[in-house]
Amino acid sequence: MIFSSDNWAGASPKVLAALAVAGAAGPLPAYGTDEITRRLEARFAALFGREVDVFLVATGTAANALSVAAFSPPWGQLLIHEEGHLAVDECGAPEFFAGIRTVGLPGRFGKLDAADLARRLASWPVGVHHGKPAVLSITQANESGRLYTTDEVRALADVAHGHGLALHMDGARLANAVARLGCDLAEITWKAGVDVLSFGATKGGCLMAEAIVSFHPEKREELAYRRKRAGQLISKHRLVAAQFDAWLDGDHWLDLARHANAMADRLAAGIAASAAARLAWEPQANEVFVVLTPTTAARLTAAGARFHEWSTAGLAPEDRPAEGERLYRLVTGFSTTEADVDTFLATLAVA
Amino acid sequence: MIFSSDNWAGASPKVLAALAVAGAAGPLPAYGTDEITRRLEARFAALFGREVDVFLVATGTAANALSVAAFSPPWGQLLIHEEGHLAVDECGAPEFFAGIRTVGLPGRFGKLDAADLARRLASWPVGVHHGKPAVLSITQANESGRLYTTDEVRALADVAHGHGLALHMDGARLANAVARLGCDLAEITWKAGVDVLSFGATKGGCLMAEAIVSFHPEKREELAYRRKRAGQLISKHRLVAAQFDAWLDGDHWLDLARHANAMADRLAAGIAASAAARLAWEPQANEVFVVLTPTTAARLTAAGARFHEWSTAGLAPEDRPAEGERLYRLVTGFSTTEADVDTFLATLAVA
Amino acid sequence: MIFSSDNWAGASPKVLAALAVAGAAGPLPAYGTDEITRRLEARFAALFGREVDVFLVATGTAANALSVAAFSPPWGQLLIHEEGHLAVDECGAPEFFAGIRTVGLPGRFGKLDAADLARRLASWPVGVHHGKPAVLSITQANESGRLYTTDEVRALADVAHGHGLALHMDGARLANAVARLGCDLAEITWKAGVDVLSFGATKGGCLMAEAIVSFHPEKREELAYRRKRAGQLISKHRLVAAQFDAWLDGDHWLDLARHANAMADRLAAGIAASAAARLAWEPQANEVFVVLTPTTAARLTAAGARFHEWSTAGLAPEDRPAEGERLYRLVTGFSTTEADVDTFLATLAVA
Amino acid sequence: MIFSSDNWAGASPKVLAALAVAGAAGPLPAYGTDEITRRLEARFAALFGREVDVFLVATGTAANALSVAAFSPPWGQLLIHEEGHLAVDECGAPEFFAGIRTVGLPGRFGKLDAADLARRLASWPVGVHHGKPAVLSITQANESGRLYTTDEVRALADVAHGHGLALHMDGARLANAVARLGCDLAEITWKAGVDVLSFGATKGGCLMAEAIVSFHPEKREELAYRRKRAGQLISKHRLVAAQFDAWLDGDHWLDLARHANAMADRLAAGIAASAAARLAWEPQANEVFVVLTPTTAARLTAAGARFHEWSTAGLAPEDRPAEGERLYRLVTGFSTTEADVDTFLATLAVA
């Protein structure tokens, strides 16, 4: 009954097997010039239907911050939802990597809206006194477990590009989004106007596998230098490449994401049917936000369930828990079992 | 016959086995609050004979640059051998992480000398126009495959501390040094005056396992914040912790290092006996610097040997290759076999 | 009829005279070790009733950003009103100088409220994922021409200190505030809990004279190094010191500020009495915010008046101009004349 | 007898007069949009025989570091003489402003040699592990009081450009160089390949007047943003513009420089003729390096002379003082009188 986060799990057996094989293989050139990395790059090209530049790094924070740094001058501004991971959970990494100022924008369910963004940018103060918006970052699936449709991404990209901003997508849970939307990677990313993508495989079934995927070859040199300078160029590159490669092989990544999503659906359906809890809003990926009384939450915890209370600071008034209630986040993953979900729901029913 | 670098290898079977077990284990708290990391921390404390603060990171570059950043103000200066890895091979990481200015100092065989350092610091310009020496960094074993004895470390630490500098040790190949010197970790590090250590296990037998070991508890918070902010806080911490733990268990790390050193000795002995090559200087760990004609080097390469030509820019005049000769570096590792060495030497003999 | 800003003026005759004398004086030691700077430092000590550390710099941006940098670690957060100068008009200087993340807070009339701040800080997310609030900055007189009373400053300081934040005061128009409040400098600054102050004399009657005044001797070295490193250590220090000294001499600074405030009062009274305009809110220093129709504004401009339209983005709903109206800012200064004001009001009356 | 530095003087009467007029003038737009700055910009264009971008700043450190930052990526390297001001006297400003690594190169009399530079760059390690040389900076007149001829500047520019580096000229004493060489500004700067220039008027006769002059219009926006963000955009721009304008008017700057140079010549001739001192090397601008015994130096100081002992660390062996001697620097300026020089020489003769 671990619903704390999808980074509490280990890795999928298939990923582990590939890692074991790669780790036991003989000598391979270091720093990403090996054949496993080459194979992975070819796989990325096939998945995206075009050449892309792939930079493997150690964390989503690094993927996000390096992406932003490569697409903004130091005097730029990063526009992002005020609850975005880069804005609130990465300890000022954009300021460190890019020098950039982070500007949080509001939006229901953690999403930015293209029309609202257009209105803001129309009267945005720009110039040497103010700085200059340079990068728009959106999270897919986002921090509230919600999705941007391809049309929504494209609308945001159009507004961003129209004002000279690049569009970054934080795809720490992109697999869950793609699995749910049934779109392909190309459609929801570069074809919709994404300029640079943080593609995360760690939460989805690897132990550590994060990639910056750039759709702008002219940024290749900059990203290569920035990665090394930031201590993110992993010497035995096979470690990451082999995991990512196995994860992407034969739709494994989508199978794992579909399972996580299905477990979230099962959980949501049970909560919707429960008298002791209610959904804060409809989940769309693998994160379920639920409103409970602290008493109920404590009873679930006592029974072994693990999950986090969540901040309501950014919620629209209509989405706030009532007096005496609180907001909690439940995250499912590739290793969540039906038994985990059912035990949780049974405990809830008793509560 | 791969002597390119000790980061071309995979990982030792024992490390891989531990990684497989950890990866397949059930849910564990993220970000280093798991039991494997706890166990590793206890192991570090035992090895060093005291409480230490351990921060696992993805690369040696990150370990080095974060260490320096935590022990220097932005207007500080990093004093380091002019051939030191931090000075020439990390793409300005100290400047990026710490804001610091890197100042390279000369010294034979890549080593700094305490008396020379004392002379320099005695008349070092300090003040707001110049900045202020803040960190001395030494590499153990160093970039020329040479060692600092415990007395030499202590002498450098005394000079550094006497002028208000902290002493950082880049221990990417610390295992090889400890194995050769037969000292213990405590003696050669904090007891000799090292303030903060980059302890690398990647080159020594893991796929990716680097640690900052700080002997100053008052730096704990700073290092924790800096690590996260730099995108170096790995979420599924078990990945690194399990490898490091297995590597340190039961002297495995020393066994691997002893083997690498023995292979270097075997190589050096053969070269010393050869008419077609000579040792540039006596190796002390797992790196052998050899002087060859380019013709000989090409013949070895054609036979499948892999190794790098090395810069002679920093060499003392008496250590320079003669006209028509060049300097090459051969690195052995935990997976180097006697057959690798003997085939190389046989090829050399023919050449 | 120039009400654009108080930095459009030249300098007061007394300041200019002192500058001429200092500029024609013989050789003086550079970099702030001269006798004029010594005299100024003594004057500051007398004014504040204690020893203070004074660092003269070229701009308010530098004074603000260096102050923040010296009182925050790079992973800190700067809490400031969302309309604060440091937040919106200094091009990311806090991010550049300090690495810090800037977090804007709301508050009516550009002011922060101690009770609101206490509520926010009580549940502020702190830790390696989030960063850490480090500095609270308030502007006195603020960007809306409003003042903090000594009690209000103290209340904010108490909340800030209670949560480990330092309190910075941006005093680009501190003279106007002190002149209006009738307090003394010590009362409204360090005795009320201000840790570091940007004290500006440029807007108040000098050509260029900005000082960081630190009440923490332990920050002296850091500020000295940071100032030089930022290119803010002016070599012929007499340039700034002589201006500041003359400005502070014999209550000249307060006389100039009283005049500017009186001109603002005269302007405000006339606007309050006018049918063609209304005060957006009661002015308290030398900035008058007025609501006009664009037609009226254009007519004033055509008559030679100069002033800026102002953003209403941060206004509380009750303070917003009505449909068809806009917000404008009028700034008076030491050189504003009654004729300037009366001509403006007469033009307004005709309009 | 003040020979400490040319920044100990005040300003020339003509400059002071212009400053007084500008300071007493009525309101002018702030931040460099005023008519005095416009006039100065036109004057610069006339002097350089082309359009240039001029950015006035507060210090030479800021001019240098902003120039370097605008012409280098953060992972770049600044190549500069190891005794260059940016390398040893600006407290790590290049690292702060640009993120860049500073690499000091040797060269006699503080000068870099094109052939030597070409040799070095031919085998310079470039790539993500090492970084990338990005800017070459030379000082004119340099820190040893020596000059680069137009041909020497062009030769260095050709080597730099051939390897993708921009050429920066630190012209804190450019007036002295131009006065001595009898060249024009265009010839010795952009026509010889200089990409960006720090043009200093402070040492030459103003109180504070430093300009970045860029010959690359595509850097205009970047320099404008960087200047503001660094707290170097002075609000009452007339302060600097008026000084610079008066200084450049009617060859005043060259007249002042010619005087300073003549005083250096007079000093050098006297020293050359003295038995108690000798020239360390032939001066070419307004700095005279002299070898004295400490006893002689003390006697001069006792008589009221002021000058600094100078480091011999970077000297070629053949230029080092003998046992018992030391190196001192004497700087003349626009306000140095023949009486100053003659009294010094008379004192020396007695000594």
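Here the chain labels run A, B, C and D in written order, and each chain numbers its own residues starting at 1.
Note that in this section a residue touches a chain if its C-beta (ideal position, glycine included) is under 8 Å from a C-beta of that chain, and two chains touch if they have at least 3 such contacts.
Here the structure is a predicted model, which means the values were calculated and not measured.
Shared residue numbers account for over half of those found at the interface formed by subunit C and subunit D, and the copies are therefore classed as meeting with the same residues. Greatest Cα centroid separation from subunit A: this falls to D.
Chain pairs B-D and A-D differ in how many C-beta pairs are in contact, and the one with more is B-D.
Between the Cα centres of subunit A and subunit D there is a gap of 51 Å. For the pair subunit C and subunit D, the distance between C-alpha centroids works out to 35 Å. Mean C-alpha positions place subunit B and subunit D at a centre distance of 42 Å.
Shown for subunit A are the residues in touch with two or more other chains, namely 74-75, 90-92, 96, 128-129, 131, 225, 228-229, 233.
By the touch criterion given at the top, residues 2, 4-5, 7-11, 13, 15-16, 19-20, 22-31, 57-63, 65-66, 90-93, 96-97, 202-203, 207-208, 225, 228-236, 238-239, 306, 335 of subunit D touch subunit C in their complex. Across the complex, subunit B meets subunit D through its residues 74-75, 77, 88-92, 95-96, 99-102, 123, 125, 128-131, 311, 313.
Residues 73-75, 128-129, 131-132, 222, 224-229, 233 of subunit D are the ones that touch subunit A when the two sit in their complex.
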